[in-house]
Amino acid sequence: MGNSIGKILRITTFGESHGPAIGAVVDGLPGNIPIDIEKLQSYVSRRRPGRRYTSPRQEPDNLEILSGLYRGKTLGTPIALITRNIDSNADEYKNISSAFRPSHGDYTWQMKYKHRDPRGGGRSSGRETVARVMAAGLAEQFLDYWAEVNQRPPIQVLSWLEQIGPIKIDYTPELWQKYLKGLKREEIDEDPCRCPHLSTSKNMIDYLRQLQEEKDSAGSSAVWLVRNVPCGWGEPVFDKLNSRLAKAIISIPAAKGVEFGEGFHFANMRGSQANDLPYMEGNQVNFRSNHSGGIWGGISNGEYLWGRVVFKPTPSIGQSQKTVNIYGQDIPLIIDGRHDPCLGIRASVVVEAMITIVLADCVLNNSTATISN
Amino acid sequence: MGNSIGKILRITTFGESHGPAIGAVVDGLPGNIPIDIEKLQSYVSRRRPGRRYTSPRQEPDNLEILSGLYRGKTLGTPIALITRNIDSNADEYKNISSAFRPSHGDYTWQMKYKHRDPRGGGRSSGRETVARVMAAGLAEQFLDYWAEVNQRPPIQVLSWLEQIGPIKIDYTPELWQKYLKGLKREEIDEDPCRCPHLSTSKNMIDYLRQLQEEKDSAGSSAVWLVRNVPCGWGEPVFDKLNSRLAKAIISIPAAKGVEFGEGFHFANMRGSQANDLPYMEGNQVNFRSNHSGGIWGGISNGEYLWGRVVFKPTPSIGQSQKTVNIYGQDIPLIIDGRHDPCLGIRASVVVEAMITIVLADCVLNNSTATISN
Amino acid sequence: MGNSIGKILRITTFGESHGPAIGAVVDGLPGNIPIDIEKLQSYVSRRRPGRRYTSPRQEPDNLEILSGLYRGKTLGTPIALITRNIDSNADEYKNISSAFRPSHGDYTWQMKYKHRDPRGGGRSSGRETVARVMAAGLAEQFLDYWAEVNQRPPIQVLSWLEQIGPIKIDYTPELWQKYLKGLKREEIDEDPCRCPHLSTSKNMIDYLRQLQEEKDSAGSSAVWLVRNVPCGWGEPVFDKLNSRLAKAIISIPAAKGVEFGEGFHFANMRGSQANDLPYMEGNQVNFRSNHSGGIWGGISNGEYLWGRVVFKPTPSIGQSQKTVNIYGQDIPLIIDGRHDPCLGIRASVVVEAMITIVLADCVLNNSTATISN
Amino acid sequence: MGNSIGKILRITTFGESHGPAIGAVVDGLPGNIPIDIEKLQSYVSRRRPGRRYTSPRQEPDNLEILSGLYRGKTLGTPIALITRNIDSNADEYKNISSAFRPSHGDYTWQMKYKHRDPRGGGRSSGRETVARVMAAGLAEQFLDYWAEVNQRPPIQVLSWLEQIGPIKIDYTPELWQKYLKGLKREEIDEDPCRCPHLSTSKNMIDYLRQLQEEKDSAGSSAVWLVRNVPCGWGEPVFDKLNSRLAKAIISIPAAKGVEFGEGFHFANMRGSQANDLPYMEGNQVNFRSNHSGGIWGGISNGEYLWGRVVFKPTPSIGQSQKTVNIYGQDIPLIIDGRHDPCLGIRASVVVEAMITIVLADCVLNNSTATISN
């Protein structure tokens, strides 16, 4: 239970870190949507481990599509996608098969299900998220096609890292506006830290090197941003756009907080400062500010959606830690596996994926909010 | 669409601010659970407007139970509860019937549904939340009974305000521990700002008075805390306990961010600092810290659940604001209605309610995670 | 659990036979749909008891609308409707408060929920179905508006009784075609047995009189028919149009079987007889027969939907029956309450209601099967 | 949309007849349940084509398990199972790639989704049902384990063919009782027509031979029977046990009607004949008859569940039929593919599967109907 998300576009994922495969079933995409498999593969490869400051585990993440497509187009039937787990060296997890790694799911999953796949954390591993990205790659192509058919600019979903430990982008208002309006996903993808501010990224790398030496890890935070969402998406009162995004983003392993627009800064603001004032620009409603992050009353207002997400430090560290094992003994534990020193780098790709999944469902939900011929 | 929450315990709410009634249908409570109606009424009355620094609208919020109970016990059938809207002076909303109030749902709901009840914001009003509290009152009595039958300490859900604009509780480690372990809900309820720190509360009141004179409003943040949740609640990977809580909390009007445990402070932490180390205390697993907020891998670990939530300032302010109306005209707008100068005060009651609703569903979900006779 | 139906149009009902009220919450109707309250009241009054060969219980079934409408149009928010239980003479149920009536829900509901409202069978009473009809009245007005906007003929849902015990309409092919193409709901509504064939209806009445004298009851079967459903409704493979209809129809109290098209007669047919052959009529696809009942591969094909449903005899009879009570004793039982001698008469109104509810959801679901601008 | 079934035990299937694979994801099984893979494979092989009077298509239906199991036990995570489509000779479908086969899903799926996989009917093929049987094989092992843990006799789900065209088992009351109480699934599986009455089966075979010569096909009907379901399963009012079963059974390709207990015979019965009278047998409630098919008020009463299902004749026949194609032309069509002359034979295995899937969900749902420690 709990492995599906979405209402009309319903995505179900499966797979353990060191089991045969990781996969997703995407049910609810309309029929007759063109899908470009190469583009899908590229989308997925963006979160692949094996890059410099992420885990050295080598997974090609080659997609295999089992159903739902015919001659390059969706059939309106469920699309099942899998990727095999190849580089799964279960041996290196031997020393943790009976230990509960601190701040990991080992202990809680064991208590809940009374049985556990300890290899790489089983399904509580970050590897699970490749299924989300596969599904999101389809969702993005659907959104692109929807925009094209409706003659609208494509929806652009971005998430970049702005902080790793003490290293943080120091925005000027100009830089912030530049990023909001013009930053491209390619610029983020190219950076090893997924941080578009090059000097900050350089400092982040230095910091991560130092952490690796100290066998430690770092927390991080990321901005998320969506351009070109029309007014009207989100279903109050419980399926508000922000509620759905919050659920989807917080479901990402290690995500420990999420903000919309000014987020926690709102605590320090007054209504007269915080309100976004609309005005007419020709026939169009426009806004003098976007503190709200593009959502009013749980529904998108046509502005950019934006906010932040925070990730806790990778709990798997090479230092000796005190913990307990399944036999109820106190033990010391050194975790030697292949782990990202900063989870946020790859997780920010998953943030983009989860937002894309939510939005693809929202456009379908919203199409039923009014009657048309 | 979007007016139900929960999987096994499924709550559906309805009602507009100035319509005939606000109500909830609670489906999925087990049969034969004793329900104390007076206690339920008291629970609901805690969020009632008409207290000092909340809206002066007077609503008795008298509950009417339409179904699902017989001789003081649940039937296992849906329990429908309503409260009539009595003090709904729709006249005072006349000047806003065609205007879109900035940072409100007026504009987005109109765009989405093409028709709107402008009186008090219709269903986008905070008044909607009384239905959530009614449902939560039932959920709490269910959780209490569950704890009793299972001979466990009762689950305690609290949320207190710790910040209004620049006024903020300055925690010492001792004060924090005292609140975590010993603070009672009654102490929070008694305070007009729902802030248990009396001198801070006094300053908050002074600040709110000043804001009212300036026809302005304040943002705020609240802590949420749950005691005595057993290990094992939450359904990974999309219905993790934190995902569900995030969705539920962010669905509260004006909530703009939510954190779990250290939340955004994790960005500044290292793994060696952030990890919570378990140890054996007799036969019991205990933890040296609780930075994680009691959730590991999306499942409760037996520790306190805690985190924070932020509320934006009340968007309805008495100052003249520029906005647009449904005719596509730029207009000035002064909002005279009855509004809380700080939404967070009452909203923190709703935070407790939403958490309670989620937890009551979680205990039922979790009962299916393993087989027992 | 189990008191909601539908995916996009989600209907939740509540209420016990002798509790304060019976009600429904209809969530998911688009906004801005005109709703005629008087028409809704008339629709509901059609199933009202107190007519000749149905239970003499007198319930005005006056609708009260609690939310979701404003100035005669839907808001896109949940519409809650209730009707009070007024003529609920609980006294007459005193002798059954501890007895389990044979073939009723008394025993099974008690075993399942450990607590029961024995008055009139509580929620297992046929009175529960008034909520379904209220919801269906809204759904029908939505479907009518959808047809109007799409410049299509209105969807017509009919169900008539064709058999009560040994009395049965003896169709000629001409009569069957006449009913399929031209029978009006008013003609059915006017007949005390909801049987449009007058001489059969007269015989049914004679038979029911005789049964009443013998303190017995009769089984029955009804045809259901839907005109003007376009090709394309239904979501394979589990939410096929026939699957959804089967679930909805069989959920009606006393319904014990349902057929689509030729139904059980298919067992005696060959493929060469059973297949419906399509042909072109101008630009339109038409069909030489409709044995399938208008559904191919789980999706409507544009033909009439039709089939049959059977109802068991009213289990409450005035004869002395042997049964057991909650104390585990064998007892004789005479049920004196007010009961329909033939449940199918009123149940056929509920068949129309359930079909309408399913179809209204289907049109919304189908609107997401392809992309349009 | 529409490819999932169940509430707590949620099964999602995917796959087209001639695509790469057919599969199922089973989410919601409790953790720590032993699963015997060989037994699962045997369960699935029972519906395999290639037996005498079913389609000659040869599919080994070898299961591949992608997730959710570890060391022979469930992890509480989703179990994904696939089987590859190997013997998929798409060439033979060339002549139907543009034609709409009468009474098939070709036309309606094309109209709905605007794109279609014509090879073997794509997802509207009976081949889709192998996924259901795979999922049911897991569900059965779960039910067996549940029964064992609860020290109850195992739940036995059977479905046998009793009629093919004019050939029908002629039950004596003794034979019926013998089948109800003692018939074993192995006896059904061994028969080429899945008919336990050997002389009837022989006649069925003769009839099918004759039909094959005449390039025609036959309708059929089957009994379904479940032993050892305890009292209490089913969730009124919309998720009644019978409603759920009706939906699940009618979702099987070619199923055109379903009955519970006496089904359509109830139309001819009186209450005094139809009622099942309970009596005490020691401390146990027992029943003098089981006309109801073991369900009262939507909840199982502890008796056998039973009823019937009808299947239309295979619509694919070798005779020339008139139809239309996707270009809007009238054409003659001869279908040469490999098709079962009587779908009901294999479909009755799927009936068992769908019932098993429903019951496995019901036991989980029912575990939340009351509180226990």
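Letters A, B, C and D mark the chains in the order given here, with residues in each chain numbered from 1 onward.
The rule is simple: a residue touches a chain if its C-beta (ideal position, glycine included) is under 8 Å from a C-beta of that chain, and two chains touch if they have at least 3 such contacts.
Since the model is a prediction, treat every value here as computed from it, not as a measurement.
Participant: With one step meaning two chains touch, work out the least steps from subunit B to subunit D.
Facilitator: Each step joins two touching chains, and the minimum needed here is 1.
Participant: Looking only at C-beta pairs that count as contacts, which pair of chains has more of them, C-D or A-C?
Facilitator: C-D
Participant: Farthest chain from subunit C, comparing Cα centres?
Facilitator: In terms of C-alpha centroids, the chain at the greatest distance from subunit C is A.
Participant: Using CA atom averages as chain centres, what separation in Å is found between subunit A and subunit D?
Facilitator: So the centroids are 39 Å from each other.
Participant: Measuring centre to centre with CA averages, how many angstrom lie between subunit C and subunit D?
Facilitator: 26
Participant: So how far apart, in whole Å, are subunit A and subunit C when each is placed at the average of its C-alpha atoms?
Facilitator: Taking the mean C-alpha position of each chain, the two centres sit 46 Å apart.
Participant: At least two other chains touched by the same residue of subunit B: list those residues.
Facilitator: 1-4, 7-8, 13, 28, 30-32, 76-77, 109, 112-114, 123, 236, 365, 368-370
Participant: Considering only which chains touch which, how would you classify the arrangement: line, ring, star, complete or other?
Facilitator: The chain contacts form a complete graph, every chain touching every other.
Participant: Using the touch definition from the top, list the residues of subunit A that touch subunit C in their complex.
Facilitator: 7-8, 28, 30-33, 76-77, 145-146, 149-151, 236, 364-365, 367-373
Participant: Could you list, by residue number, the parts of subunit A that touch subunit D in their complex?
Facilitator: Residues 1-4, 8, 10, 12-16, 19-23, 25, 27-28, 30-32, 64-68, 70, 73-80, 82, 109, 112-117, 122-123 of subunit A touch subunit D in their complex.
Participant: Could you pull out which subunit B residues touch subunit A in their complex?
Facilitator: Residues 1-5, 7, 13, 100, 102-109, 111-114, 121, 123-124, 128, 163-166, 211, 216-221, 231-232, 234-240, 242-251, 253, 255-264, 266-280, 283, 285, 288, 291-293, 295-301, 307-308, 310-317, 319, 321-324, 328-330, 365-366, 368-370.
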